[in-house]
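Given below, in the form of structure tokens, are the structures.
There are two complexes below, and they share subunit A, which is joined by subunit B in the first and by subunit C in the second.
Moving on to the complex of A and B:
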């Protein structure tokens, strides 16, 4: 018997997958938050113990400093140090740890060991904005230009421009940022003398007051220019290459052919059909790179004498100021966690196929 | 908009010049192994209001030809010879000569195409509505409310829950639904010609059935000129007024659906018909064509079908036949079509043509 079907008896297809329920969203947010807290806790604990494994300790280093600088005998230096620092390094580590945790819960990050009386939060308030400003701006510049250049490379595949940019991108992304920073100083500042490196030290020129003034922004940009250049140049290459390969595969998607078949304008196809889909995977990398760039700021800020949080961290490490180190690491951890969270939200907002939270 | 050009649509098709004429079209792919001769001199008229089905095994150049018509071939492909003439309202143009802007206007407005892979035909990050509106706007129709109303009507025509589907993302729709949305979208600008490339191939059998019914309704109600590409003769028989058989980049037989089905004159068409199971259970009738399609880089001499042809003679190995008249509005490219005629007379092919019935070779 031949099988026949009568289409009129078939129901009209109406089913649609369930939409995102608000309750689900909430429970997902909660899960996400708990996970973030747990991550933060683990990192805090690890940093606490790891930094104390560094050879020597702040008191020893300070005593040695006094002995070398002022030719003090050991016992005199030690007495002076003990009088200066109201910290008991003899206290069992585990108790110090619980003290620290207790402080954190109360929002107290402690006070600097070596600048007694200065709370760590005031360091953070003073120096973090500069890092956020320079790193954030650099990341935006790098991401945007990487996406545009990568798109261009994919569209002009195998052209001279593509070859030049590919080589450039590969070389740039292979150079560590501190090396590039040193090269910038040597070439731009010293050899060619085109950039007044000495004046660009610090995060603001003396006398410039923070505020919503043009002079302030100009000066801030002037001082951040070299660190930003170093971040951008060392990260833009990988954005370019990732975007290029992503674009090449999107260009082969059927929906791009269909878009052409529909007679859409090339500009619309490039932005809404190719560009948007090709850039999607880059957003997941954005979070990771925020972490790297904040971490990378330690060396860059030291090289350029840019007074951001990385600069503070290196000072603290050199002098074993545990409390400041802890505080800065905490900030870095939180910024990475936040960046991850933000990137996930962004991604699920940009890609409707990713149900918020379904990625877990 | 869909019913606007009534006067135009109701012309008697016989008196009208064909909307689309292919003249000696050759298409070649560059590949590492050498030039792939995917389409080798196709002559074809698509008559106004007709539904012509292009059939042939996978790899015979059907998709290439379809993409060539709307000039969407990949960069490595080239139309090396021939012309594609498009006509409307007594005007005529060579699609191959259009500049970028004219081509953009020609696409979808004059000739739209439903692709083989409907599943991936939609931009995953845009709602159906945005993809529809993009299309309308690209052709200068930017009255949002009118477009939306029209889209809703089209979605209803393809039997979808229009209000819900229009604001859905592609991934929220099943394969069959996406295929219908694509068909609805292909009608958006009321094109004169619609090319459908294997619109049912990727779907399960039940969904295939509903799409075929939809296409038949489309053919009866909208009176479009359709080029329906398929490797499935049974589906072609249901939807086509005329059928063209393609082998190794050439049309080897063309005629009315009845002629092709009851009176095939090319051994390849005959093989295709015999390979269609007529009735489930009678497998002894099932004879598939031996061998495989030829290597399009290094084609056999003479008739390209001769290595697989039971009627082949020495002449077939030397000379390639051209299409010749074998009946009223029926042509075949075979030196020995009379032998095929005798064979068909001796062994009738069908008791009855499964006109409204499709028999599946699957489960």
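Moving on to the complex of A and C:
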């Protein structure tokens, strides 16, 4: 049996032992990076074959459409489709796939069908930043307030505040985010007229130039306010409830009792001992939440007419602009993969144990 | 006769256990009410399909309990008729994804090694792809003529997070003493899986089912709302979509038209979620000891 003194020294020793190179190769981050790259590769492959192999694949549908609408002969329609999708249809499929990969590496995602001459990448450059801005800010607000409120609920367990917040959290997380968006528009925007919904459409007011000016940031926040409210309100509930139950179990840990016995200040125990440890499991859920919120942005941005990448995707789906659909879907997925990797990095920085242990 | 008595008695016990959690029991009663309303109600209340120009967008009255829509049709009858499809899709998708999650999650947890690595690699990739955008694209490439095919598609997409939960549950169960004991007694795989493991995972399975169902409701209403699934007729999603497109949000009396399907959808979601609290008590005896 090791004495308590040795047990506390152990992890520090384990940290120093392995050489840097070996540590890096086995490291949690490298494994996560490989996983992210693998996922990206699978998604890229899947998108390509989904577009090409499905019985009603977009290229065939597009050829049919050209033939019907412009009464083009088959080979002409086929040539036009091939040009727009940046695919050489005469080549065997596997070579087309390599062409597609090559295009991706060069940053070529094809050209929009409905806005000829507009490369998909220009859509992405123009609209993706708005989604990253609104979704990122919403996730931060939701996560932070969920953690604080959950902590509060655990400390004031069984109080009136706890009961009210629990009911609120359960109800809010049961409402689909697009329905909450509609409710915000109906009640705040139209019926009570508190919020000027019509002016808040779009991602910026006309005439405002992007730049490091106060006017720009104010305007960007003004337009993003409703989408952010919808994301935050529908996700904060699950953070609150998870944080509450996590805090309750941490409060029973011995190290909290020891900290109390040592006479540490309650505020320090709450932040450094309880809060930090209770919030850890929430970071593993962050990855799932990022995917869900980014996916939901398609609906939320359409409801509020906020011009981000989700809005572009739904427009492309509705207008059957397959090239844009394919490119935007790929970018959305890649950003989720990147965000997940970022969340993993954050997690390993906050909880050094997982860098070395097998715990995942 | 005896069998009937026994069944009734155990049903009574189950209901009594469920009623220990007041909120959960209320949710359960609400689910029963919504299901009865949607499946039995249509036999008693005919769907109002007659356009009445003089009755457009009326607020609730004795004649029209929930008011009227943009064609002067009764909203109450549409709500009664509109739940069936939503519930059928949710149940098909929920059962299918739970089945996938439980089967492969248990397999992954117990088999370990390469099987585990393989299943988890697929799961992780599926988990990373944002479901809704994928669904939107699939919906634009495929044609959904009926409720079943939509339910099956949603079920095929919605299992990854459930599978992870089931797998971690299976991993922790594997190490427990009673499984070890059953192994040493040589009780056989079938016995171990169905008599020892599945009953112990029942709570997770039931919660997974409820979560999968709410996920399916979320996705299907979204698809219908944004016009990607060409459903017609009475369906809460279609009602919501029509009300949104027809600008029902702009007038005081027409707000009922959009609020009613919203209320129905949210109430169904909320009651399914709260019911799990009562069901937990039934399948996990440890939770009721305090009562």
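The rule we apply is simple: the second predicted complex is superposed on the first by the 269 of 360 C-alpha atoms of A that agree within 3 Å, B and C clash if a C-alpha of one lies under 4 Å from a C-alpha of the other, contacts with A are read in each partner's own complex, and residues count from 1 in each chain.
The criterion applied here is as follows: a residue touches a chain if its C-beta (ideal position, glycine included) is under 8 Å from a C-beta of that chain, and two chains touch if they have at least 3 such contacts.
Keep in mind that this is a model prediction, so the values were computed, not measured.
Visitor: Contact-wise, after the overlay, does A:192 reach subunit B, subunit C, both or neither (first, second, both, neither)?
Guide: neither
Visitor: I'd like to know which partner A:253 touches here: subunit B for first, subunit C for second, both or neither.
Guide: It touches subunit B, and subunit C stays clear.
Visitor: Specify the partner with more touching residues on subunit A, choosing between subunit B and subunit C.
Guide: Residues of subunit A touched, subunit B against subunit C: more for C.
Visitor: Tell me which partner A:351 touches in the superposition: subunit B (first), subunit C (second), both or neither.
Guide: first
Visitor: Taking the superposition on A as described, I'd like to know which of subunit B and subunit C A:170 touches: first, second, both or neither.
Guide: second
Visitor: On the A-aligned overlay, A:268 touches which partner chain: subunit B = first, subunit C = second, or both, or neither?
Guide: first
Visitor: Which partner does A:276 reach: the first (subunit B), the second (subunit C), both, or neither?
Guide: Touch partner of A:276: subunit B, not subunit C.
Visitor: Could you list which residues of subunit A make contact with subunit B in one structure and with subunit C in the other?
Guide: none
Visitor: Can you check the complex and tell me which residues of subunit C touch subunit A?
Guide: My answer: residues 121, 124-125, 127-134, 136-137, 139-143, 161, 214, 217-218, 221-222, 225-228, 240, 244, 249-250, 252, 255, 258-259, 262, 265-266, 269-270, 273-274.
Visitor: Name, in rising order, each residue of subunit A that touches subunit C in their complex.
Guide: Residue positions touching the partner: 35, 38-39, 42-43, 46, 50, 54, 56-58, 61, 170-171, 173-176, 178-179, 182-183, 185-186, 190-191, 287-288, 291-292, 294-296, 298-299, 302, 310, 313-314, 317-318, 320, 325, 329, 332-333, 336-337, 340.
Visitor: For the complex, give me every residue of subunit A touching subunit B.
Guide: Residue list for subunit A touching subunit B: 1-5, 7, 10, 12-17, 253-255, 257-265, 268, 272-273, 276-277, 280, 350-353.
Visitor: Show which residues of subunit B lie in contact with subunit A when the two form their complex.
Guide: 70, 72, 103-109, 112-113, 115, 117, 120-126, 134-135, 138-139, 159-161, 164-165, 168-169, 171-174, 176-177, 180, 185, 206, 209-210, 213-214, 279-280, 354, 356-360
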